[in-house]
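Please see the structure below; I have some questions.
Chain IDs A, B, C and D follow the sequence of writing; residue 1 opens each chain.
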Amino acid sequence: MIEAAFFALLVIGMVGAGAGVVLLNRITGAALLMAFTFLCNAGMFLLLGAETIAMFQVLIYVGAITVLILYGVMFTPQRDRPYALFFQKQTPLAALFVAPIAIAVAVFSFSFRDSTAGPKGADLAPLATSVFRDFAFPFEVASVLLLAAMVGAIVLVKREDE
Amino acid sequence: MVPGPFGLDPVLWAVLRLVIAVALAAGLVFNGALAQIYLERKIQAIIQDRTGPMHTGPYGLLQTFADAIKLLGKEDIRARLTDHWFFLAAPAIVFAPMLASYVVIPFAPGVMGADLNVGLLYLTTLGSMTVLGIVIAGWASNNKYSLIGGLRSAGQLISYEVPQIVSLVTVVLVVGSLSMTAIVGSQPGLQVNALIIPLAFVTYFIAGLAETNRVPFDLPEAESELVAGFLTEYSGMRWGLFFVAEYGEVTVVSSIIATLWFGGWHGPFTDVHPLLGPALGVLWFTLKTYFFVLVFMWIRATLPRFRIDQLMSFCWKFLIPVTLVNLLVTAILVLAFPTSLVPVAIANWILLFVFAASIPFLQRRRLVSLRARLAAREHAVA
Amino acid sequence: MIPLGAFVAVSAVLFFIGVTGVLVRRNAVVILMCVELMLNATNLALVAFSRRGGIPDERGSVFVVFVFVVAAAEVAVGLAIILALYRNRPTVDVDEVHAMKG
Amino acid sequence: MPDYNLSYVYVFAFFVVGAGIVSVMMLLSHLLAPFKPTREKLRTYESGEEPVGQAWGRYPTHFYVFALLFVVFDVEVIFLFPWAVLFRELGWYGLVEMAVFIAILVVGLFYAWKKKALNWY
């Protein structure tokens, strides 16, 4: 009962804010709503019982990625554009393609059934064993990926005059 | 469902407990802010050989209440060029996570909002949300001072978050749990973490000072260069909420220090009586927390402010490598000696002394390179 | 207990909101935001299946952690590219950027 | 202590109350405070000078480098926490993995240092 109420709240928040990101002309509003969507998604993870993932979601998405995107918003100011200029020219075509697929997928996703196994406990310990035992190699590769991203971005951002 | 005290209905008790917890936390934040503003002014005054507020009430005790009422009655000005969405959202984004931190703060056994399995992770997560509010506040004002203050503040907060979290992870390594209750439980008697991993405590303390924008890291509000930083365009109650949030943040950081390194509610006589014990626990916890709040104020009255480039290079070139080395050394020793924490403690104390001793050395090197650069420039000019 | 299908449906809706945003918006920063929404939607589906799917398995959550890594790297590099483009020509309108067109 | 499943209701309630307190305070201040805007009052404050232009404009992008480094180290943190909790079970194997991971990231930090990207001008 209480779960269903929270779920309904989160769905409204997530879908509404997500639509706002796409539809708002004002980019600062879009950024705020994006952060709100991330928070709602963390709430969804909590409903699923994945509390560690929910915390990571807030830490990475709200605490770090939103800050980066805000920097992007701040460093690329745009003069006020007329509303007509903020969609691409092919918008109707894109909407025409996306809408049927979206409706089909959303309807289809209701056909998934829960497992019969009961609810599971905390997710931190199995997560850690999985990452460090079964996924040791991808874990190291992740660090190389981060290193590559760091070096690449520094090269891109660095001014030439230094 | 857990039945409540005095035979209360479980559902009713669950709701009632929630309401009580929220009300207590909100009351604590506002009273704490009022008390700390008064304390701050008095302590500054004592250190600088003044008397501080004296006229409103006995010893000026009512001064902060008068200030709070004045803030409520002040005109709320929103400059014409500000960004509406961000300007409105910023105080809420700073205030709400700060209040939510109080959920996991362990005042005494059983006297805490909720004992989350991932309590410490939850606290770091909320700490990282503050940055968002400050960047937004700085940018929304559309004021050059605010913007630079906001950018500086964001740079400072995100940088110092890394050593802060790594210091916390060092504690988790030794304790082996993220639950605040378990962390307190792991430090009975005099075996507090401050004796076992003092270097992590020192690095967390420095990073905590920076995270709460306190002197010597209060660059965003450096009034000599930036007026009031990201707060320049804020007035009246909006400004007041930022202020309350800052003091709440100080309390949260102090209580994290008290919990993680100084044994939380542990203290003499906590096991004498099932009802008196928790009350004493709350007392010990509050005393430990406020001790660190007072240390923060003492530091404010003593130290000058850093320069922004010094601040950033101190974090990235010194503090982060030190915390990472500390983490790895602690990990190796914990694994090598699984039964005893004495080797960890010895290594950590040695590292702490090296840390403290290296600061004058680094300063001298810095000064030498600075002089060399100045001399080269003079030579070039001549 | 919320059924698994409801979570997956929300994830699908969010994903297609993101797709629409990427397809219809002009501003490169907003497009990046919409990509983040899509990644979030996949995360939700992964966690839902990992916790409630036919055979509950922790590996779905591990995948989510790696998605976090990839998302962080992607935003860092993506924004760096946008900033580099903006420095040469002050626009973030993807319709006006033809610099890669050889 | 309440039921563990209710814990996150507390978190939600605290967030809502936090936002609520901000709104109530703003409302109180709106009701109590005078509101007499003039042109001068609504102007951006710049120490009494006439403000020239807006603050929103082009900004040196090197601020971005710090945000970037922070994001990378923040991602490191999400691996550090599970590792630290399960540290004793994972043993030397996990320690070596984490040491390699940190070492690779420190290479990136060192690169930024040598490229003078860590200087704040």
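In this section, a residue touches a chain if its C-beta (ideal position, glycine included) is under 8 Å from a C-beta of that chain, and two chains touch if they have at least 3 such contacts.
Just so it is clear, the model here is predicted, and its values are computed rather than measured.
**Student:** For the pairs A-C and C-D, output the one whose chains share more C-beta pairs in contact.
**Tutor:** A-C
**Student:** I'd like the Å distance between the centres of chain A and chain C, where a centre is the mean of that chain's Cα atoms.
**Tutor:** Roughly 6 Å, centre to centre.
**Student:** Which integer distance in Å separates the CA centroid of chain C from that of chain D?
**Tutor:** About 21 Å separates the centre of chain C from that of chain D.
**Student:** CA centre of chain A versus CA centre of chain B: separation in Å?
**Tutor:** Each chain reduced to its C-alpha mean, chain A and chain B end up 29 Å apart.
**Student:** Approximately how many whole Å separate the CA-defined centres of chain A and chain D?
**Tutor:** So the centre of chain A lies 17 Å away from the centre of chain D.
**Student:** Mark out which residues of chain C touch at least two other chains, giving numbers and ranges.
**Tutor:** In chain C, residues 65, 68-69, 72, 75-76, 79-80, 83, 90 touch at least two other chains, as defined above.
**Student:** Can you tell me which residues of chain B touch two or more of the remaining chains?
**Tutor:** Where chain B meets two or more other chains at a single residue, that happens at 116-117, 121-122, 124, 128, 139, 154, 158, 161, 178.
**Student:** Which residues does chain D have that touch at least 2 chains other than itself?
**Tutor:** 8-9, 56, 58-59, 61, 63-64, 67-72, 74-75, 77-79, 81, 85, 112
**Student:** Every pair of chains that touch: which are they?
**Tutor:** Final set of chain pairs in contact is A-B, A-C, A-D, B-D, C-D.
**Student:** Please give the residue numbers of chain A that touch chain B in the complex, ascending.
**Tutor:** Residue positions touching the partner: 26, 28-29, 32, 35, 51-52, 55, 58-59, 62-64, 66-67, 70-71, 74, 122, 124.
**Student:** What does chain D use to touch chain A in their complex?
**Tutor:** 8-9, 12, 56-65, 67-72, 74-79, 81-83, 85-86, 89-90, 93-94, 97, 100-101, 104-105, 107-108, 111-112, 115-117
**Student:** Quick one: which bits of chain C touch chain D in the complex? Just the residue numbers, please.
**Tutor:** Of all residues in chain C, those touching chain D are 65, 68-69, 72, 75-76, 79-80, 83, 87, 90.
**Student:** What residues on chain A touch chain D, complex-wise?
**Tutor:** Touch list, chain A to chain D: 2, 6, 43, 46, 51-52, 56, 59-60, 63-65, 67-68, 71, 74-75, 77, 124-125, 127-129, 131-133, 136, 139-140, 142-144, 146-147, 149-151, 153-154, 157-159, 162.
**Student:** Hey, which residues of chain B end up touching chain A in the complex?
**Tutor:** 83, 85-86, 89, 116-118, 121-122, 124-125, 128-129, 131-132, 135-136, 139-140, 154, 158, 161, 178
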